[in-house]
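The following pair of complexes shares a single chain, chain A, combined with chain B in the former and chain C in the latter.
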Partner chain A sequence: MDKLIYCLLLAKSNHTKPETILNSLKGVMEASLLAVEYHNISAIISDVTEKQFVANKQHAVEFALVIDKLAQKYTLLPMRFGSMMDSTGSVMDMLERNEVEIEAGLKKVKNKWEYGLKVLCDREKLKEELIAKQDNDSLNLVKPEIDPNKSVYKTYVLKKLSEHRAEEQILSFVDSILVEIKTYLRKLKAVDKCKKMTNETTIIDAVFLLDKKKKKEVINLVKDLQQKYPQLNFLLTGPWPPYNFVEINIK
Partner chain B sequence: MSNNKILCNTGTVDLSIQDISKEVDKLINDEETKLKLTPENADSGLAKLVLTLVELIRKLIEKQAMRRVDGGSLSEDEIERLGETLMKLEMKMEELKKYFNLTDRDLNINLGPLGDLM
Partner chain C sequence: MINDSVIDRSKDITILELLDRVLNKGVILTGDIVISVADIDLIYLGVKLMLSSVETMEQLKSERQRIDK
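Let's look at the complex of A and B:
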């Protein structure tokens, strides 16, 4: 029977032994959960056969629920959905081989939650607004050396140039918001990872690791940003286990 | 993991947990962005892949060209030829998309956590 690994946790980060909590939880496909302990760290596992295990939404939710519940009580590192080993012995060997890295990883996320912040907008509408905001000089897209009446090709270039400038405007607008967010997060001593323009509606997709006590501060930040930029939609989610801050290559 | 994970969503864009769930479903079952290669549709499946790459390169060229036009380093004659080239490239792409029955949305790939290709 294979072992599905949910997370690696610091057993001593709570007075209650993991087994006590595990008894009240069920894993993927209603499987019982078990803690494999090695010194201070434990791997939370359940039995599963590779044939039974299907990577679908239901199983992903069941997997994440276990991690979410345990994260309320312990410092932990979530494992990638579908991480499996062939036996408890192999899991124990893995813990032994990676003990130093796992402990270092756990130390980094201790007493911290992950939050997600998405900034969404109607990009086409934003583009129109930004162009409208520009002053007359920068709105004058016709360069002196390009006479749009001369040919259809030059008119085409002008149209493309206008679109290009609007895109650049959006990028610099997004950059300015990103700087604002990062500056504030730095004040809160948060570790962040940000991506911009991930799809048509998301202009910023950020995740950050923040001290558990600073939840209110981050909510206030988002409320302030919302007031400042009413045309944007700020979506703050969390607290999450540190899904995006596990940086261990299991040996 | 329910609505209580949304700490703040006070914008003009209406977004509920159902919308997020729909987005997740879309990511999991997004047939449009999947490359469907079977013996029956090998031509169009391959065309989609090739045209996606061509479109990516075309857009990169266009972007670089616009940077040069914006920088003012091109002569009038060069701009004229550039316009002709870019216009013909775009028209050719439209022709190919029509031929293989593809839309702009088809010529994009969702790169998961990295977002969309274009």
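Let's look at the complex of A and C:
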């Protein structure tokens, strides 16, 4: 029977032994959960046969809910969905081989939650708004004059120039919001990872790791930003277990 | 008061965010099985300020349990 691994946790981070909580939880496909312990760390597993295991949305949600419940009580590192080993002995060996790395990873995320912040917008509309905000002089520079006497080449160049300037404007606008967000997060001593322009609608995609006590501050930040930039959509999610802050590959 | 459509949208987003994490992030077990998931598309819709949370996940779970019964 294979073992599906949900997370690696620091058993010492709570006075209650993991088994007590595991008895009240069910894993993927209603399977019972078990803790494989090695010194201070434990792997939470359930039995699963590869043939039975269908990787679908429902099972992924069940998997995540187990991690989420345990994250309320323990410092943990979530495993990627579908991580399996062939026996409890193999799981124990894996804990032994990677003990130092796992403990270091757990230390980094202790007493912290992850949050996700996406800033979404209609890029074309935003482009138009930014151009409209320019003063008349720069507006003349940005808008190509459509003059029938001008060559097709010149009109093309002007159009491209205008597009280029509009893109530059968006980038500098996004940078200024990003600086605002990062400055605030730095004050809260958060660790962040931010990406810009990940697709047509997402101008900022950030995840950050923050002390569990600072939830209200994050919510207030997003509310303030939404009020300041009504043309954008701010999507804050969390608190999550630290999925984006586990930088270890275990063997 | 939050209306039903906002709650529905919040649930959808929570699910998307959750799947994005559970499928693409987390500790990787080198050399072991990695399952590919075929029936999940991650699409984000334009939304106004939205705060999704564990509470939404809890709600999803209890609803599913109700349906199962």
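Just so we're on the same page, the second predicted complex is superposed on the first by the 243 of 251 C-alpha atoms of A that agree within 3 Å, B and C clash if a C-alpha of one lies under 4 Å from a C-alpha of the other, contacts with A are read in each partner's own complex, and residues count from 1 in each chain.
As a working rule, a residue touches a chain if its C-beta (ideal position, glycine included) is under 8 Å from a C-beta of that chain, and two chains touch if they have at least 3 such contacts.
Quantities reported herein were computed from a predicted structural model and do not represent experimental measurements.
Asker: Touching A:122 in the superposition: chain B (first), chain C (second), both, neither?
Answerer: Once the two structures are laid over each other on A, A:122 reaches both partners.
Asker: If we overlay the two complexes on their shared chain A, which of chain B and chain C does A:151 touch? Say first, second, both or neither.
Answerer: Once the two structures are laid over each other on A, A:151 reaches chain B alone.
Asker: With the two structures laid over each other on chain A, which partner does A:192 touch: chain B (first), chain C (second), both, or neither?
Answerer: After superposing on A, A:192 lies clear of both chain B and chain C.
Asker: Is A:234 touching the first partner chain B, the second partner chain C, both, or neither of them?
Answerer: In the superposition, A:234 touches chain B and chain C alike.
Asker: If you stack the two complexes on chain A, which partner ends up touching A:160: first (chain B), second (chain C), both, or neither?
Answerer: Once the two structures are laid over each other on A, A:160 reaches chain B alone.
Asker: What is the shared patch of chain A, the residues that chain B and chain C both contact?
Answerer: Chain A residues touching both partners: 57, 61, 64-65, 68, 120-122, 201-202, 219, 222-223, 226, 233-238, 240.
Asker: Within their complex, state which residues of chain C touch chain A.
Answerer: Going through chain C, the ones touching chain A are 13-15, 17-19, 21-40, 44, 46-54, 57, 60-61.
Asker: Can you tell me which positions in chain B touch chain A when the two form their complex?
Answerer: 1, 5-13, 15, 24-25, 28, 62-63, 65-67, 69-70, 72, 75-76, 79-84, 86-87, 110, 114-116
Asker: Mind pulling up the chain A residues that touch chain C in the complex?
Answerer: 2, 5, 8, 50, 53, 55-57, 60-61, 63-65, 67-68, 72, 77-85, 94, 105, 116, 118, 120-122, 201-202, 219, 222-223, 226, 233-240, 243-244, 246, 248-251
Asker: How about chain A: which of its residues touch chain B in the complex?
Answerer: Contact set of chain A toward chain B: 57, 61, 64-65, 68, 115, 120-122, 143, 145-146, 150-157, 160-161, 164-165, 195, 197-202, 205, 215, 218-219, 222-223, 226, 230-238, 240.
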